[in-house]
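In the two complexes below, chain A is the common chain; its partner is chain B in one and chain C in the other.
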Partner chain A sequence: MTAIDPIVQHHERRNAIITRLLAQETILLVLTVIAVLVLASANERFLTARNLSREISLIFEVALIALPMTLIIITGGIDLSVGSIFGLSAIVLGFLWQDSGWPLEVAIAAALVCGIIGGAINGFFIVRVGVPPLITTLATLALYRGVALGISEARSARGFPDWFLGIGRGEFLGAPWQIWILLIGIVITWLLLSRTIFGRSLYAMGNNELAARFAGIPVNRNKWLIYVFSGFAAALAAVVFVSRVTTTRSDMGSGMELDAIAAVVLGGTSIFGGSGGIGGTLLGLILIQVLKNGLLLAGVRGDATSILIGIVLIAAILLNNFFQWLQVRLTANK
Partner chain B sequence: MASLSGTASVTKTANRRVRATSWVTQESVLAISIIVLGLVVSLINPNFVSATNISNILNNSSYIAIAAIGMSMVIISGNIDISVGALIGLLATIGGRLAVGAADGGYWIGWAYIIPLCVGVLIEGVIGFIVAYLRVPAIVVSLGMTSILRGGLILWTGGEWIYDLPRDFMLAQQQVLGVPVPVIFMVILTIIAGLWLRYSPAGRSIYAVGGNKEAARLSGISEKRVLMQVFMLNGLMVGFAAMMFATQFSAIQSTVPSGLELLIITAAVVGGVSILGGTGTVIGSTFGALLIHVIPNAMIFANISQYWQQAVQGVLILFTVLVDLYRRRRQSYGRK
Partner chain C sequence: MSDTPILELTGITKQFPGVKALSDVHFDVRPGEVHALLGENGAGKSTLIKVLSGVHKPDTGTILLDGKAVSFNNPREAQDAGIATIYQELSLYPELTVAENIFMGHAPRNRFGAVDWNAMMTRAEETLASLNIYDMDVRRKVGSLNVGNRQRVEIAKALSINARVLIMDEPTAALTESDVSRLFDIVRLLCERNVAIIYISHRLQEVFELADRVTVLRDGHFIDTQQVKDTTESALISRMVGRTIDNLFPKLESKVGEPVLQVRDLMREPFTRGVSFDLHAGEIVGLAGLVGSGRSELAQCLFGMLPAQSGEIRVFGKKVSIRNPAHAIKLGIAYVPEDRGTQGLVRAMSIRENTSMAILKLMSTGGFIKFGAEKKLAQKSIDMLNIRAYSPDQIVGKLSGGNQQKVVVSKWLASQPKILIVDEPTRGVDVGAKAEIHRLMSELAAKQGIAILMISSELPEILGMSDRVMVMREGRIIAEYPRAEVTQERIAGAMMAAKVDVN
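Let's turn to the complex of A and B:
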């Protein structure tokens, strides 16, 4: 009676394979592999451990910010203020250490707390007051950058001790510190998103917030958490960045939010929320950086790379739309 | 009977409430805050309300206001365009190069205005096409376009500034009857766009598409055509803004002024254009553009450190958005 029709079973298996093959992640993976192969054959310096680990420390800041950005975009929100939180944290770090004479350890902690507060303020306006995330973070983008400008008055901090500079430039177990920090961040975010109730509920919020509320998901608490997480990640990235470039400036990190969003969207996370994942974001980041680095090694100017990235960003979404349409056609059981 | 008269009195108070709040629009709130701010600062420093300074403020805010008209339409239709800053940079450079060429090669200087306008409409038309027909979200398309335009501009110019601009190209530095040309453009374009949005069927359908796509479709409005129209008009406005931007100084920077798109979006949002689409006016966005220029100017006259300007601007955006939110909530309660 309930015997499964072998033909139906066959259809289902076939449909699952088609769905997998045509997912944005698969497209990206193929694109990235092609890009890596082409660039590696064009230049022998490309696929060296030295070049790759240098590239990871260059992409570190945007990557760290893109992790919580993925969570936020999955819920249908957006955070434009991360670049400004980045700048503000850097300035707070430099100011407290150099001008106020705080111990550097405490100044670092204060910079991280500053990121958390920045994220919490975003969360407050989004959750409590009900201002849309785009507007809230547009306003705080100006506000945090403005406070950073006001505190720094265009001065910069310099002359950090060696142990601090070691974070951004030193190595641990043969790899830059950035790789380890990023790895921990990726594992935590990935586990959160795909293995916890919290992570699943973010998708529910992105698909239908009202339904999520009625299903008893703590929508407000979750929003607070992701925006605070975003602020913290931006501050952490800023601390490591200051250590790498050995100075602080109030315009640090401007435009960084768009880089992070581009990577997330390129990675197949829908800007309307409800779908996506960390794996896609990582692929997006890798593809962008591979293109940048590879073209630079091939002697193409950085500005041309920016054109290519813009085209890839739009084309990836177009391809995805096309494949989704194809998938619907192919999986339709006639 | 008793219940009927009860209902009547409830309706009456509701009516009074609506009447009492109907003049409290975002536009009037903005106008009043600009005036109050002006009065307070002029008490501290009377030079603030001098004709030169007022003309200065109007002049500086005009290109933001003009670009914000286009941005308002885009946002009202339920979309957003991040690429306008990059586009202004590109169009200004095209105009500048053509003007220099006109001075050397002897072709008509008017091309230096017409061609950038056409390029603006064309590029925004491409964005509109991808958004409307290929169904890619506007934020993604314009993000990609920003990257393309920014890279393309630097690749083209190599970051070189344009200096030897001919004198007759300097449209923004001229005056008609003592009024600077950019201000005239700002006022005329605001009035035309405001009337068009409010009274023409094409203008109304932008609100319809932004307010409720499905309802708009059912009432026979082609969403695709409306979106194409909106983006191309935005390109035209960005073109005008770029011309005002290009001709205000005797040199053109040839790189994209960073953060310009956010300033333009801010002007629209401060002006009461809802980011969710469907509501807002261009009169509001023009007042918004004025306000975000009055504040830093007032700070200079009130002797406040200019380093804090941007922070104040951020607080201002939050504040006006909160006022707008509060007002809308009051009004929706009043209607119940």
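Let's turn to the complex of A and C:
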């Protein structure tokens, strides 16, 4: 065999650099930095520790759900039921504590188990019955919400003890509890995805599930795990949310799945599976929240903010497509 | 056959950033001839076809059509000039009917400008009849046809636009024996009608059976054009690879040891119906059979992809029931699957990630991947198998077919198997890589005592590499020959005997 042509090698290296520079994460980072700078210069209250930590407790729920959502979308799946699991867990928590008189600690554990069961049911239909994730979780989206409504009968739980309310409103080492929980979640998911066999398997499954099976990867087990993880994260987010808003309602979390999916996809994770990562998802979350908050501080009305965010989402995707095209043009050699 | 070329290319050069894909290539094709185009993967065949069919514009050089200089800006212009291409991956719409596919883009219209469905059906039937195809329903959806029939639809489509030059890229790669002979009949029929055919194939015997002239490319350079009757198989091979390959099947004498895999009455309906055989350490057993005879399904049954319903499998004398691939890997079984694109590789991932995929447990501590060890493994594979890549982090999808196949093989060698099942190990692989893969298999058996079960549809490969040959038909092993007694005729006879033609 002849050696590899040094010119080719040089080109491959250059191409790798171009690919890196034009990756969606890079573009997103630049966009986020620009947004932060513009908003900070427009309003001195924006870039304050107080404002930022408040913002983080506001996006906590969506962020926590977006972490397992990233894993799921990387395998080429989707979980539309998380908003409903969120609502159901909140209702289960309030119902068991107030109506059934369970100790609050046990009710919290039950709410978390409820999320795990919700995810496991999704996993069962996806893995064992072979129903596509979109259909399965669209069905359980309706199902879980219905169960939540049935249990709550439009009543809400109130009057939680102070120690519980401290989770959602209190601080630890000078920062809201949400920041610490989220940080742990981010580190765990990031390590899982980028450093472990499990994470590697998810990418392989998203790119070519059949080849992953042929390589002995436990595809079915992995799918169960990510949907269970997703259900658990939704339930955990719900517990913290109930503590922050001090009440439970059966319509909590509706539409939350779409916020999470938007952040994941904006973050560069391919909706067809196989590529993406936690870093992108975080940037996606930050960009959306920075815009919401910044525009609010700038006195833009809520409906106008929604419109602007929609436009930014579309623009980000278009920009990404443009850079993808540019990348193909710059690196083309066949 | 006339001597004036219908299409003539002179001094074609095509440069891509960093790669000179074609340099000063000459090629011509005459009406009514089959002109074979040969070369290893990466030799420039695909680029030349793309220049001919209007996908790429050459940097320099001229294309003469009927003696007049032409320049195609896009594939449509080439098509309008009568040049049609049938690619390896057929470009049909599976949800549309045969007739709709044939007339895609130029459907007959009635006087109101709407599609004239009756005329379309009639003309589709006429076109097929002109190819001596009378057994195809033009109302059937293309997705329900087998590969051979789909290809016939593609040829009919080319004829419906009055193609005068037909380019066929590896047309027999996915065909069964009977479909191949039907294809050859159609090609000969087209030649009689003065269509010029450019035929690309890795199978040299097809070139000798079908072609009038043959052009060899190597590393983007034009080597020569010759009359097929003036050349030999080994002469063509040495021109393609630029050196002499003394032996395409470097079989080493090996000592056959203890039985490592014993299979009795293995059942997995509908494809595996009571299979019994032994596989010994150090031997290569060839498994021949027609497509659909159940060879790959047997392999997948042994590998746990399609777990057995009944029967007995013993690995090193111990009775096992193989439930899934991970279990098979643990038992020392590896399977190089038939289709590397869908089963063997994750093309979007790197060489490193692919070579370690089956042994991630060994490449990690506590679930965390050891990237250094992984990289070392990939580099070792690249060196050992001569994989042409600039780095272990190169994306597998960007390698040539032969090198991709080597990545699949290295993935399974990394699992250090005792029993290696290879399914069409050299399909779509150029002749140089083919010899290397054969040499490797031979060494694995002879020097490391690995037992190899080799499924292949290429009889020369079966004959050249096997210590023993088994023939499968309708889910059963129906014949077995030791190396000394096996002949092509015997295998073919056993394969075909009492064979019912199913679509």
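In the analysis below, the second predicted complex is superposed on the first by the 321 of 334 C-alpha atoms of A that agree within 3 Å, B and C clash if a C-alpha of one lies under 4 Å from a C-alpha of the other, contacts with A are read in each partner's own complex, and residues count from 1 in each chain.
Assume a residue touches a chain if its C-beta (ideal position, glycine included) is under 8 Å from a C-beta of that chain, and two chains touch if they have at least 3 such contacts.
Quick caveat, the model's predicted, so the values are computed rather than measured.
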item	value
First (chain B), second (chain C), both or neither touched by A:131	first
Of chain C and chain B, partner touching more chain A residues	B
Which of chain B and chain C A:149 touches, first, second, both or neither	first
Touching partner for A:44 - first (chain B), second (chain C), both, neither	neither
Contacts of A:203 with chain B and chain C, given as first, second, both or neither	second
First (chain B), second (chain C), both or neither touched by A:162	neither
Which of chain B and chain C A:195 touches, first, second, both or neither	second
Touched partner set for A:275, first chain B, second chain C, both or neither	second
Touching partner for A:213 - first (chain B), second (chain C), both, neither	second
Residues of chain A contacting chain B in one complex and chain C in the other	none
Complex interface listing, chain A residues touching chain C	1, 4-5, 7-12, 191, 195-198, 200-201, 203-204, 207-208, 210-218, 274-275, 332-334
List of chain B residues in touch with chain A within their complex	80, 82, 130, 134-137, 139-141, 143-152, 154-155, 258-259, 262, 265-266, 269, 275-276, 305, 307-315, 317-318, 321-322, 325
Complex contacts: residues of chain C adjacent to chain A	16-19, 21, 303, 305, 324-326, 328-329, 335, 337, 342-349, 353, 357-358, 360-361, 364, 367-369, 386, 388-391, 394, 411
Chain A residues within the chain B interface of the complex	80, 125, 129-132, 134-136, 138-147, 149-150, 152-154, 254-255, 258, 261-262, 265, 271-272, 301, 303-311, 313-314, 317-318, 321
